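Quick notes on the structure that follows.
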Amino acid sequence: MSRDAILGRIREALSVKTDAHVREVAKQSSHSLPVLANGPDGRTQAVKEFLPFVGESLEDHIAAFNVLSDKLQTEFIVVPTIDSARQTLDQLRQKHQWERVGIHDHELVQSCVDQLPVEFLNTSSNYDAHELEKCDVGISGCDALIAQTASALVTNHSAGGRALSVLPPHHVVVADASQMVTTMADGFAMIREKHHEKWPSFISFITGPSRTADIERVLVLGAHGPKKLTIIMISE
Amino acid sequence: MVNVLERLGHEVDYPEGQTCCGQPAFNSGYFPEAKKVADHFLDTFADADMVAVPSGSCTAMIRKFYPELYQDSPQAKVVSELSGRVFEFTELLVNQLGVTDVGAKLKGTATYHDGCHGLRELGIQDAPRKLLENVEGLSLVEMDEAQSCCGFGGTFAIKFPQISTAMTQVKLGSATQTEADYLISGDPSCLMQIGGYFSRQKSSIQCLHIAEVLDQQ
Amino acid sequence: MSQSTNPTTQFQTDANRVTADVDRRSFLRSSLRGYQTTRDATQERFLNYESARIAAGDAKWEAIENLDVYLAQFADKLEARGATVHWCSDSAEARDAILDIIKKHDAKSVIKSKCMTTEEIHLNDLLEKEGFEVVESDLGEFIVQLRDEAPYHFVFPAMHLKKEEINTLFQEKLKSINTDDPEELTMVAREVLRQKYLSADIGISGANFGVAETGMISITENEGNARLTTSLPKVHIALMGIEKIIPRLEDLALMLPMLATAGTGQHLTCYNSQLGGPRQDDESDGPVEMHVVLLDNHRTRLLADPEQRDALRCIRCGACLNVCPIFKNVGGHTYGTTYQGPIGSVITPHLRGLKDWKHLSHSSSLCGACSETCPVKIDLHHHLLRNRRDAAGKGQGGLAERTLMLGFTIVMRRPWLYRLTGRLGKLGHVLTKPIHGTRIDPFYAWKKTRDLDDPAKQSFKQYWKSRK
């Protein structure tokens, strides 16, 4: 009923074409500018051509990711092998005195944590959110690392549901170098490919630890989500 | 403005029948009324090679808003041709005549206030600064938020005097910080607002139109 | 800000109060200045920010000019994934829809993440009246909720408050420790709200974008409160204006960085989440029900305006507020609207009536700083002018103003009369000298705070003649 009414009002409103002058203003500029073709392809191209440039090679991408991570206060650690990732995790455990760790069924995550002497909570099947809240850290995989924004792209498949990566006070992402892509558009394309239109119900770009500046513009980490974000990338 | 242009060897005429471009009515929303006044402008200036205007705001009215006002009228073509020949004084000198040094002299420190219409409707930003940099004895200091509105805005200044004045108060703060002797602008209306407030606050900063500065020998 | 005062009077009165508060204005100005500085640096990193604005604007044009197609597609896709879509023509329908869902689940507590559209339909008032516990989880929203105030700025709800005021508030309302430290204050809120997420039955969020192609909403945030709100409670309700649509998923790769850059000056906000449906069969958590409530509430009226439908492209970044000299000097509450600043002044007359809200279009110097900064290039300040035109066309300016404009036209078309008026003006100036500076002075509004030079002894025309 209301659907038809609203769509009907929209159609009626759109039966009058947009004022040509107003439409033109959105394209004008005082500078002479490169403008891409209108439409979807132009916009995807715009992400590459107009947004910040982060180079072409993996080295460039890692360097760019590093610079932004510093700014974001993300701890970005590049390690050569799964073994060294294991050691890194164990050092983090000691440093932060982890006792309970949230994990999920994910090949890379499982092989990195299999020797951690802690109590685990697995979020890949039904779990109690109150228990997850008591975990010291959530360790998850991801779908991609985005060089342009220093983000980890996750879904509920790659990150053990919606809450593992946001409820505990520390979130650790493990990834391998093949997951590094240039733009967010590349990240979406990867998910599109992987899930063939059967989209996960949750997709998120995680860009730094949770933050707020709602009180006098002073940056505070860990507003509601994790106070710390660690991204471990295995380069080999 | 006449003196400067004549010194540069141009012939200047002042059509005595001229009145107003119609902006006060236009900005108050009275478009048909503004158009009637614009008709008079078109009659008066139709034959000029170039029209020099000592105000960014009036220039914007003619160049940007006349075409909109006459969008569907038979005069649309006349309007678009004439509006292409109308220039604000500093852009006329710098961009049309290629002059950046008019041989003016003025001792002291000055800061420049960008009138919003000249700046954002017409993109005038460098021209006045280039001209002022070449005034002998004058040093130019940028004030904080030089591109913030002075608070005039036509009837806004009367309808919302408290907001309008608060904006000029900020302007006075920025100008005072520069320790400038002069505040220069290309728009008489901004100068009326800024000058009026500065004088009430007994500020020692003198407000001048850029044409007055460029005329100093 | 009571409902009984006329919005124009309320605006003038509040503007009087705030403009007189030099300290608060300078606090506001320095915060907004801070955002500007961060933003400039982020914009610098773009290969071509101006071109990116045009491309981002294009995405929203495509969505708005084909809204019927994209909105239907969005709803169909979402429903195919198990979400329920509610189509609401106005605030009352949206409130009813939301209340129905809450009652059906026999819920007691509701946790909300920041959503201006819920402010627009006055949802909290209703839910509290119905006896539900409603908690705002965004820190800024949480603070203004505790103060029983409306958000001050639609992106930075509590930007007007100093840390000392928040300290007092938290001590009073939360029995918290005495501290002015923003970090400690934030942690107080974190602890209080953690428990609320875990116990809430219903999570209510907004949506920054609705992706037509895939049937997902996209939520942008920094704190993680929206993620928790949409992960833990068993029911998720998202309220979304119908104009939030974008065509494709990949468009987000452009829109999200633009929103962040223009809004807070970040290159990207901390969490940008796309939610398409409730928990699916192969998923381990998330709400069992997802409801998307689509709200018209006169947006179609704005859409019917072939010039100002432009304003429906707004992505609510708040950049136009941050640069607006009016906002900087009157603050957010003075507007008396859900959406403050230039964009609010443009759209409120369409959403709530021109007659009562036209003063917002007049309370602008038309400086154009808003249009210059808008990341999707909405012609904001010219729309204010168009609202003025429409108000004048309907005779809403009043008889005095109409007469003045008629007089203006008559004089300006007749050079002899123009000259005569000039002379009479000078004469009038001399004759009215005794009342200058008093309330009956015709220039009182001007002269109260500003001097007015005496008219020049010689007009330019007289000078021109003498020169020849």
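Here the chain labels run A, B and C in written order, and each chain numbers its own residues starting at 1.
Convention: a contact is a pair of C-beta atoms (placed from the backbone, for glycine too) under 8 Å apart; a residue touches a chain by one contact, two chains touch by 3 or more.
Every value quoted in this text rests on a predicted model; they were computed, and no experiment measured them.
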item: Most extensive contact between chains (C-beta pair count); value: A-C
item: From chain A, the most remote chain by mean C-alpha position; value: B
item: Chain B and chain C: spacing of chain centres that average the CA atoms, whole Å; value: 32
item: Averaged-CA centre spacing for the pair chain B and chain A, given as whole angstrom; value: 50
item: Approximate Å spacing (C-alpha centroids) for the pair chain A, chain C; value: 28
item: For chain A, residues that touch 2 or more chains besides their own; value: 21
item: Footprint of chain C on chain A - complex, ascending; value: 1-3, 5-7, 9-14, 16-19, 21-23, 25-27, 29, 31, 33-36, 38-40, 42-44, 46-47, 49-53, 68, 104, 123-127, 129-130, 133, 148-149, 151, 156-157, 160-163, 166-167, 183-185, 187-189, 192, 199-218, 220, 222-226
item: Residue ranges of chain B in contact with chain C within the complex; value: 14, 16-20, 22, 24-31, 33, 36-37, 39-40, 116-117, 119-121, 147-149, 151-170, 192-193, 195-197, 199-200
item: Residues on chain C engaged by chain A in the complex (per definition of touch); value: 31, 34-35, 45-52, 54-59, 61-62, 65-68, 71-72, 75, 81, 85-89, 93, 137-140, 143, 156-159, 161-163, 166, 182-183, 185-187, 189-190, 193-194, 197-198, 214, 216, 222-225, 227-228, 230-232, 242, 247-254, 256-257, 264, 267-280, 282-286, 290, 294, 296, 300-301, 303-304, 306-310, 376-379, 382
item: Chain B-touching residues of chain C, taken from the complex the two chains share; value: 12, 15-16, 19-20, 22, 25, 29, 325-326, 328-330, 362-369, 371-372, 385, 387-393, 397, 401-402, 405-406, 408-409, 411-413, 415, 418, 445-446, 448-453, 460-461, 464
